[in-house]
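Chains: A, B, C and D, in written order; residue numbering restarts at 1 for each.
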Amino acid sequence: MRPPLKGYCYPLTPSGTSSLVGPPPWHYATEYLNLLFRADPDKVAPFLPEPLEPGPDPGLGYVAFSQWWSLWQDRPDLAATHPERTQYREAAVWVGCSYRGRPGQICLFIWVDNDFSLARGWFMGFPKRLGAIEFSEYHPLNSLMPPLESGTVLRGAALAHGERLMEGTLTLRDRISPQELPFPLARPLFHIRHFPSIEAGAPPSVLELVELGAENVRFGEEVWRGEGTLRLFPSDLEEHTALGKLEVLEGYHYHSGYTFPGGKVLHRWS
Amino acid sequence: MRPPLKGYCYPLTPSGTSSLVGPPPWHYATEYLNLLFRADPDKVAPFLPEPLEPGPDPGLGYVAFSQWWSLWQDRPDLAATHPERTQYREAAVWVGCSYRGRPGQICLFIWVDNDFSLARGWFMGFPKRLGAIEFSEYHPLNSLMPPLESGTVLRGAALAHGERLMEGTLTLRDRISPQELPFPLARPLFHIRHFPSIEAGAPPSVLELVELGAENVRFGEEVWRGEGTLRLFPSDLEEHTALGKLEVLEGYHYHSGYTFPGGKVLHRWS
Amino acid sequence: MRPPLKGYCYPLTPSGTSSLVGPPPWHYATEYLNLLFRADPDKVAPFLPEPLEPGPDPGLGYVAFSQWWSLWQDRPDLAATHPERTQYREAAVWVGCSYRGRPGQICLFIWVDNDFSLARGWFMGFPKRLGAIEFSEYHPLNSLMPPLESGTVLRGAALAHGERLMEGTLTLRDRISPQELPFPLARPLFHIRHFPSIEAGAPPSVLELVELGAENVRFGEEVWRGEGTLRLFPSDLEEHTALGKLEVLEGYHYHSGYTFPGGKVLHRWS
Amino acid sequence: MRPPLKGYCYPLTPSGTSSLVGPPPWHYATEYLNLLFRADPDKVAPFLPEPLEPGPDPGLGYVAFSQWWSLWQDRPDLAATHPERTQYREAAVWVGCSYRGRPGQICLFIWVDNDFSLARGWFMGFPKRLGAIEFSEYHPLNSLMPPLESGTVLRGAALAHGERLMEGTLTLRDRISPQELPFPLARPLFHIRHFPSIEAGAPPSVLELVELGAENVRFGEEVWRGEGTLRLFPSDLEEHTALGKLEVLEGYHYHSGYTFPGGKVLHRWS
């Protein structure tokens, strides 16, 4: 009998050694430019299907522009052998939520610039699409570039299918400790995993509420806080402007790292 | 009660109007550069898990370089409003197979250059990854370019994660009718749909054998046949060379179109 | 004595066989989506330094979205060996002008998506920058796509450095002959070639007015005319909006081809 | 009289405020992965036209994979307003040379991934073409990534027109001071500036030997040295393999910064 094919994900093969993404655990480091906003809770709530509930401060959310360095467990040397498979940027819109009284966050819209991250995101319930992300970088040896200090401005922007979708800035002011990062930043992720059926008119093959694990969460020494700005641009292909007017509260710039061990299914809708 | 979210696929939203891919039917037109090969049947068979069986001429397969123009049913004007969402190129490796005595084909490896096509492919069991595809084009008003005639050479190439993976050429010789296209070209698709679980160590959430429908299949007037060449380059990230030595038999260049109405699940492995 | 290096352009080498662009003649075929506009002549005139003069209908210009298939004379087989080096898209803003009473046109702003075309453009006085260009395509074998007929809409768009810069549409109405294409379309090119000095504060190494030759100009059978729309979006990196309000008159869709034999210097400013 | 147009480079406009590149001084910071090699001096010499001479150790050269953060003087805030215009990667092949007894270096082949850097390079005599460059990055907060220490491996790779052209690795061993960086690294640049005429058969409009200035040269604290590997892949579009067999001696990883004030013409060939 011909045995089944192997692989964590496509492509499935006899040896299963060329999957686009290797299985968890997944190890990440991230540089964040996060812009905390308050939206109208009545515009956020429709994005939280039961059993998800609004968060403790309904309407709170943030836009995150980020740079990532990642590895899957069974290819620890990928940054040396295939660097391109370990680097990407993202831009995302997050809102706070809760599950059975536990505060958390959910990602509503997100764009990334690499296919392995897009795929891995779908497995985790991140609704990733492909895009280009801009992110300010300052190098200490460029004599005209300021250091990261009070007054320095960072900008992020997201572009997809030829349209500029979001941009934000952060003017650094002072430093805080990671514990001061406000809800919903750095809170547990409650995500909605989905995969369509291929049979016309059939319900999704996968529709489940999951909690995504996070282990060994570490932060860089410097967590900057400051004034933020945010602009979302409409597109008739997108609904990221559906949250309505976003009042920007504050912004944060920091590095963090964690390991994803896997997730847990909390609820199935199909 | 807050109703469930909507959408054919990510992102799921209250109105479901910004899915990366709209639901079927899907309408396609394609320009193909196909290179028919014979591989060692013992190298092909491991890629066909039961209940799939080898095809009537085991070892036959083809590499397809292609250009696509596509629409989903509920956005018929997308080529006018968002042209970028209707155009892409692909490079794929196909082998013949059969299901309960019915000859067909299955795509083992495939790269595409647009995210909506990558996603839609996954729903259909195409193991798509992102890449860049080269495809010769000849324009009749360029005075130095030959017309498509006996002796004209077309080339396709596929590149992913910074590595050149495949290239092939076709030297046009004569024209045939579409009915002469050999097995497994233009045969039914028997595909393996897959979506991982997010729980560590759990079996896949989706693992099913499907047959993909095809309606209203049309061919362009000219179907060219000729001599082909093929070169596959190894990558330690890929297994497209796992079929071993490929003896190129013939090549074909033609246009075709069809409508995908949906698929049918034949067998579930999980 | 070690002989000088060779090559039509960079890189210069002992054999000169890897220049980014081969020497003229250059052979082109083009698909155009052109949107004729009228601008305020007082806004156009500053872009025409003496001895250039305004055109016979000052203020007339057009935005051209285009697809190109090109070859240089000494690599006639490049579409077969390196297809990627023969295909590109452009988006450009043209205005009418005249030189010593001879009507012509000059390209003020232009973006292209391939480096060999960017370089070749600079040699010809085209101020090319890198961008992404969208261009509607309709394939007759896609059952949901209309044919090119009265009422069909084509769209072009240009994007650079993460910003959408221009977009335009054409609703096809009727067909005309190529001779009916209005000034300044298909008129002689009077361009300004420039190359900076590398010595701080020095005048340019090259600053000359040239006329670009065109031989063997051919048109496709169908030249469509119709209603056009145009939108230019501001960027603080760009001045393409400097022509002010553009009144769109008409639009045209057609294919053409020509051979560039070389140019002639009319005037030197340095 | 309509005044001449302004701008450091294309596009030339009445105000000259949208040039692809602003005028010098140019401020740079760079992260380098450099692989020192020895080639056959008889293969290097033909690339050095008189009055250039071979370097003190003829045949010495290096391949540099690099990441850049740059600004032009009159847009000091570009990293905050348009980050994408300040970041790029390069891959280059350098050889030692000398001019009137003064040791220096010249860049023979180079690929970059951004248009403003390609243009600026041409003004400086860098024969830049567009490509994609891979470069290993290790983030301290990724728990699976090693720190930069003895044994850590960095890889660079260069890709252009769909072909992989070069790749190299460096296994870090120990640290050295910047002053220990061997010839020709960090030595004066003697470059060949070129711009073709547009008149068929005419000699180049610009062909000059220049020395490129460097001020305020600074180095990061850590300069790593170690064992290197190098592989160059042939392409019939390229001549980067023309130096023949490259014996890799050592590799270096470090950061540096400098300001380019402008260059000086040493010799004109046309």
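Remarks
Here is the rule we go by: a residue touches a chain if its C-beta (ideal position, glycine included) is under 8 Å from a C-beta of that chain, and two chains touch if they have at least 3 such contacts.
Listed by chain with UniProt protein names: A, B, C, D = Acetoacetate decarboxylase.
Just so it is clear, the structure is predicted and the values come from calculations on it, not from any experiment.
On a Cα centroid basis, the chain most remote from chain D in this structure is B. Chain pairs B-D and B-C differ in how many C-beta pairs are in contact, and the one with more is B-C. Same-residue interface: chain A and chain D share over half of the residue numbers found at their contact. Chain centres here are Cα averages; for chain C and chain D they lie 30 Å apart. If you average the CA atoms of chain B and of chain C, the two centres end up 35 Å from each other.
With centres defined as mean CA coordinates, chain D is found 40 Å away from chain B.
Counting partner chains per residue, chain C has residues 81-82, 84, 134, 157, 162 touching two or more of them.
Remark: chain D residues 132, 134, 157, 159, 162-164 touch chain B in the complex.
Only residues 27-30, 69-71, 73, 76-77, 79-84, 86-87, 134-145, 152-155, 157, 169, 216, 218-220, 255-257, 259 of chain B touch chain C when the two sit together in their complex. Considering their complex, residues 1-5, 7-15, 17-18, 20, 23-25, 45-50, 52, 81-82, 84-85, 108-109, 114-115, 118, 122-125, 127-130, 161-162, 192-196, 198-201, 205-207, 210, 212, 236-239, 242, 261-265, 269 of chain B touch chain A.
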